[in-house]
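Once you scroll down, you'll see the structures, which are given as C-alpha cells.
One chain, chain A, links the two complexes that follow: it is found with chain B in the first and with chain C in the second.
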Partner chain A sequence: MSTLTLTNIAKSYANGYQAVQQLDLDINDAEMVVLVGPSGCGKSTLLRMIAGLEEITSGELVIDGQVVNHLEPGERDIAMVFQNYALYPHMTVYNNMAYGLRNRKTPKDEIHRLVTEAAEMLELSELLDRKPKELSGGQRQRVAMGRAIVREPKVFLFDEPLSNLDAKLRVQMRIQIKKLQRRLATTSIYVTHDQVEAMTLADKLVVLNKGNVEQVGTPLEIYDNPASLFVATFIGSPAMNILDAIVKPEGIEFGTSLLPGNTQLINLGDVKLGLRPEHLQIVEHNPLFEVEVDLIEALGADLLLYCNTLDAQPQALVVRVQGHAVIHIGDKLGLDINLQDLHLFDPITAKNLYFDSNLLQKKEVIYA
Partner chain B sequence: MVERRPLFKLFCHVILIFGILAIALPVWLALVATTHENNVFATGTPLWFGDLGLSVFWDLLSSDSSFNNSALPITHMLFNSFVMALTITLGKLSISILSAYAVVFFRFPGRMLAFWMIFFTLMLPVEVRIMPTFEVITNLNMLNSFSGLTIPLIASATATFLFRQFFLTIPQELIEAARIDGAGPIKFFFDILLPLSRTNIAALFVITFIYGWNQYLWPLLITTDAQYYTIVMGIKQMLGVVDGIVEWNKIMATTIIAMLPPVVVVIAMQKAFVKGLVDTEK
Partner chain C sequence: MSSHVGFKNKWLPIALIAPQLLITLVFFIWPAGQAIVQSTQLEDAFGLSTEFVGLENFVSLFNDSNYLASFFTTLQFSITVAVLALVSALILSAFAEHITRGTTFYRTFLIWPYAVAPVVAGSLWLFLFDPTIGVVSEMLQWVNVDWDPVLNGSHAMWMVVITSTWKQISYNFLFFLAALQSVPKSLHEAAAIDGSGPIKRFMTISFPLISPTSFFLLVVNFVYAFFDTFAVIHAMTQGGPSNSTSTLVYKVYNDGFIGLNLGSSAAQSVILMALVALLTVVQFKYVEKKVAY
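Now for the complex of A and B:
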C-alpha cells in the first residue's frame, strides 16, 4: 500500500544547529519502523518532518512515489498520535475521531461507520459521548489511536505515545498497538526513547544518535551485532559492559587476564571490550576473570550484581544472574563468557570491529 | 489559608461588613429616594421607603421627554446606551481575538513589533488621547453618530493581551493535531480556538460591557444632537435644570435604571465569568 523513502534528509535551524544530518532511510509497506535514541538525537524532529510539522531543510521525502516535501500535513495522508494525546478538549470522543474525516468531506454515514468500527476495535463504544477530561489516561490514549485509525491513512506516526502512561498500562497498550498494526497492516513510524518498547514493537529498528543513523536492522540483529559502542550501550538493559582492554600480538589483555589468540587482523593497542550482563556466567573453576560484588539489585526474576574487577585498576561491570542465586555483597566471583558473545570496539571511531572470535582460545588461568 | 483564630476571623468579618456597607449605602439611599415625593428632600435625606412605591419608575419609563427635563425619553436613552455598549463590546471582542490570534499563531515579520505597539496603547486610555481623537472624529464627519460613539473605544490592548495570554497556554500539539486533521487557519479558529475561548470571551464580555455602558466623557464630547444621548449622560442632564427644582426622586430612579443592565449582564454571565477568570479547561 505505501512506502516511504527518505533521501539525504537534513534539518538545520537558523542558529546553525543541525538536528538531523543527511539521513537516508527506506521504509517498506506495512512495516513498523521504530526510531530510537536518547533525547536530543533528532528522532522527534525526523518524525515531525515526515508529518510536515517541521520544514525539511534539504533532501527529499517520498511517500508512495510522490514527493511530499512541500505538502501541508493535512494533505500528506498521514495520521499522528501525540505524546500528550492532543485531544480536542471541547469535543466528545465521537467528534474527536470524526473531525479529521469531516474536514475531508467524508459522507456522514461513512463517518459514522468508520468511527463506530474504530470505537469497537478499541473498546470505546461506551465512551463516545464523553469529553476527554472525563476519561482516564489509557482511554485518552485509545481515543488518540482511534482518531488516527478512522482516517485509514497511508502512514501512522507515533510520537512517544506511551510515555504518559503508568508502567502496567504501557505494557498493555504496547501489545495493543502491535496487534492493531499487524491487523491494519499500515506502514508505521514509532518514536521512543524506551528501548524495551523499541525492541518489542519494531520490525525494523533505527538507532539514532546526534542526528545520525547509527544502525538499521531488526531488533535482534542490532542486539546481537551492535554496529558501534553507542548502539551497544543503548540497546539492552542493563547496558552492555564496556571494559578497557589492550590488543597484543599474543592476544587480548584486560586487567590481569589474557585471551590468547590470533589478533593480527586488528590494530594493536587500546580496544574496548563489550560484554552483555546476561552473557556473563559465574563459574567455580577456570574463570576468565574475577570480580568482587559491590552492590546487588534484586528484580525478582533476576539479580543484578554490580561488580568491580579484581585488578590494579578495577573496572565496573554488571552481571545478571537468576533471581534466587545466593550471593552477598563482598563475594568474590569467577566469571566466564562464551567467546561468540564478546564484542570488540575501536576506542577512537567507536565502531564494532566485528572481530572473529574463533581466532581466540581460552587458556587455563589459575588464580592464587 | 487556614486560620483558626476566632478574633482574627471576627476582625475580617467586621472589615468586610464595613466594606459592603460603604458600597451598599448609596444604592440604598437612591432606592429609598425613589419612593418619596420630591419636596421631602428639602428637609433631608430619608432613610426608609416612602409611600410612592414604584410609581416613579413607571412614570419615567412610560412618559416622554418632558417628564424628565431632558431632551429624550428614558427608554430612548436606554436604547442608545445599549447600542453603544453592545457595539463596543462586540467590536472589542472580535478585533482583539483576531489580533491575538495573529500575534500568537502566525510567524510574520514585525510580529513582535505589532504586539508591542498594541501593548503600548494600554498607556493611552481614552481620557489621555481624547483631544486628538476628537479631532480625527470631527474630520471624518462622525460627530453625532453611533460610529463616532463606538469606534474610538473599540481598539483594546487589554482584551488583546488577555486573549494572547490564553492562546499561549494552548498546547502546541493541539494545533499540530488540527493541522494533521486537515484544518486550515480559519477552520482551526472557528472549530477549536473559539469554543476553547468561550469562558474567556464571557469574562471579557462582562468587563467590556460595563466599560462601554459607563462611558461618560466621550459621549458627552461627541454628541451634541440629543438623539444620541446615553442614559449616563441623561442623568447629568436631569441635574442641570435652569431655575427649577432638581427632581431627586426621578434622578435616583434613572440612576437605578441605568445600573440594572450591567447587573443583569453580570448575573447572567457570572458562572462563565468566574470560570474564565479562575479555570483553565484543558
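Now for the complex of A and C:
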C-alpha cells in the first residue's frame, strides 16, 4: 500500500546542466509506472533521485505521505534492480538476498523463510549456494529481482533491468516481471528506453524528453493520441510517418493531395501531418495519394513498405500491410486513410493540434 | 592458424632481452652464487687464507643467541611496519576515494614520500626525532615522554618503524586506491539501498572485494620491511642501541663489512635468500588463485 507524489522535482548539476526540470508525477498504489525516453532524457536520474542515490536539487518527493527528500536510500523502504544487477560477487545467492534483511536486523529464521520463499517464486532454490559468477545472465537477473522482493519494500525501482539480456530471454523476463508485479501488487517504477517494454509493462506510461514530461497516460492513450511530435515518433515501431503539409483555407494540402474541409479552427500555414504505418490502406480506386515502393522488409506477420510519395519533392513514409501481400519494389500504390487516424502537429511547438477530424472530408485526389 | 606473433630474425629478441639478462646475471645471480660459496668457507682475519668448513657457519649461527635475537627483532619490526603501513594506507585511500575537490592535490602529496630516497627519509625523521632539537621529541615532552632513541631501545625501534612505515604508506595507498576504485559503484548503491551505512559498506563490500590486493600488499610489505629498510636503519640507528634495531639484513652488513666475518655474513645472506624465495612462492601461489573473485 504505497503511493508516490513528485512535486516540482528538478535536478541540476554544478556545471549548470539541467537533467530534470520541474517535474510533477502522481503514482498510485500497486501501479506499474514506466519511464521511457531516449538516452539523456533524465529518466535514470529521476529514478536515482527517487532511490536516494542522487540528491534532489529542488522539489518534494513524498512516499506514503512522508517527505523523503533527505532520507538515506536505506531508510526509504525501496528496492532497486540495477541494469548490471549489482550482485555482491563475494556472496552466495542466499547471502545476496539476505544482506538487506540482515542490515535491518531481521531474525535469522525469518530471513531463512523469506529468502527460501522468494527463491522458490523465482526458481532459484537450486542455486542458493552459488556465487554470482557461476550463474547465467538470466539467473543473475532473477537473483537481482529476488534481492528486491525479499524485503517486501514499498516501492520497486527497475533501472533498465533487461537490457543486458538476449532478445529471447528479455521477452521471457518481461512477462515474468509483469506477472510478479501483479502478484505482489507492489508499486513499481520501471525505466527503459525500449518502447516495446514500455508499452507492454506499463499501467501508466511517462514519456520523458530532455528532462521534461512529454506525456503521461496509459500505453494505448499515448499511442492513439500522442501529445507531441516527439511522443508520436518515439512510441510505435515503425515510427509514425510525419509529412509536411500546409493548411489552406480550402483544406489541408500535402504534396499534390488536398484534404478539403473547414480549416477555420486551425491556424493557416505549415503543419506536420502524422500517420501510423498501419493506418494507411492500399486501395485500387480513388486513392488519397500515390506512392512508389522503395524497399520491402518482410517481418513474417507484417510487411513493411518503405515508400516515397509521387510528388515533385517526394516524402518518405512506411506502410504496414499483411505479411503475404504481393507487392514488389518499384510498384506504384494508391493509399487511403480514415480521417480520424490523422494527427496534426504544430511545426514550431511540435504539439498535437487535436483538430476535429469531422471538419475534413475526403474528396477525390487532385492531380496536378 | 596460430595467433602467435614471432620475430623472423632470431638475433633481435636475444638483443632485446640481453641487457636485462646481463644485469640479472651480474647483480643477482653471480653475487648469490658467491654468497653460497662463501657461506661454506671460513676466512682468516687478514684475508690471506680460506678454509672449507661445510655447514659450520650455519650451525654456529643457529647456536648464536645474537642471531636469534635479531630474528625476533626483525619479526617485531616487520609485523609492526606492515600492519601500520597497511592500515593507515587503507584508511587514507578509503577517505581519498570520497574526496570531490582537490583530488589531485591530496593524491600527489600522499604519493610523494615514495619518491624520497630512504637515506634522505632517515635523516629527515632523525631530525624530527632528535632528543634535543627534534619537533617530535618536543611534542612528546608535552605528554611527559622522555624521548631518547640513542639510549632507549624501544624508542629507537619506534623511530625506525615510523620512518619505514611513512615511506611505505604511499605505495600501499596507490594500490588500495586503485583497488577501491575498481569496486563497481553500483555495488555501493545496492548496499546503500539494502540499508547499509558507509562504514558497514566498507567492511562488507569494499574490504572483501579488495582482499586480493590486500594480500599482495601484505607480502610486499613484509619483503619491504625485511630487506628494503637497510638504508633507513643505517641512517638512523646503525642497528643500535645495543642491537635493538639490528634486523637480519642490517646484521648481514654489520657482521660482514664491519665485523669482517665474511663466512657468517654470507651464511646469513643465504638464509635470507631462502626466505625471499619462500615469500615469492607464497605470493605467486595464493595471490593469483585463492583470494580472487
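We take it that the second predicted complex is superposed on the first by the 365 of 368 C-alpha atoms of A that agree within 3 Å, B and C clash if a C-alpha of one lies under 4 Å from a C-alpha of the other, contacts with A are read in each partner's own complex, and residues count from 1 in each chain.
FYI, contacts are C-beta pairs under 8 Å (C-beta built on N, C-alpha and C of every residue); 3 or more make two chains touch, one makes a residue touch a chain.
Because the structure is predicted, anything quoted here is derived from the model rather than measured.
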Should the superposition on chain A be reported as showing a clash between chain B and chain C, or a fit? clash
In the overlaid three-chain picture, which partner chain does A:Gly59 touch, first (chain B) or second (chain C), both, or neither? neither
Just checking: does A:Gly100 make contact with chain B only, chain C only, both, or neither of them? Give me first, second, both or neither. both
Regarding the shared-chain residue A:Pro260, is it in contact with chain B (first), chain C (second), both, or neither? neither
Mind working out whether A:Pro347 is in touch with chain B, chain C, both or neither, as first, second, both or neither? neither
With the two complexes superposed on chain A, say which partner A:Glu72 touches: chain B (first), chain C (second), both, or neither. both
I'd like to know which partner A:Gly40 touches here: chain B for first, chain C for second, both or neither. neither
Using the touch definition from the top, say if A:Gly137 reaches chain B (first), chain C (second), both or neither. neither
Of the residues on chain A, which ones does chain B touch that chain C also touches? 51-53, 72-75, 78-80, 82, 84, 86-90, 99-100, 103-104, 133, 147
In the complex, chain A touches chain B at residues 51-53, 72-75, 78-80, 82-84, 86-90, 99-100, 103-104, 133, 147
Taking the touch rule as given, give the residues of chain C at its contact with chain A in the complex, in rising order. 184, 186-187, 189-197, 200, 204-205, 208-209, 293
For chain A, which residues count as touching chain C in their complex? 51-53, 72-75, 78-80, 82, 84, 86-90, 99-100, 103-104, 131, 133, 147, 151
Can you name the residues of chain B that touch chain A in the complex? 171, 173-174, 176-184, 187, 191-192, 195-196, 198, 281-282
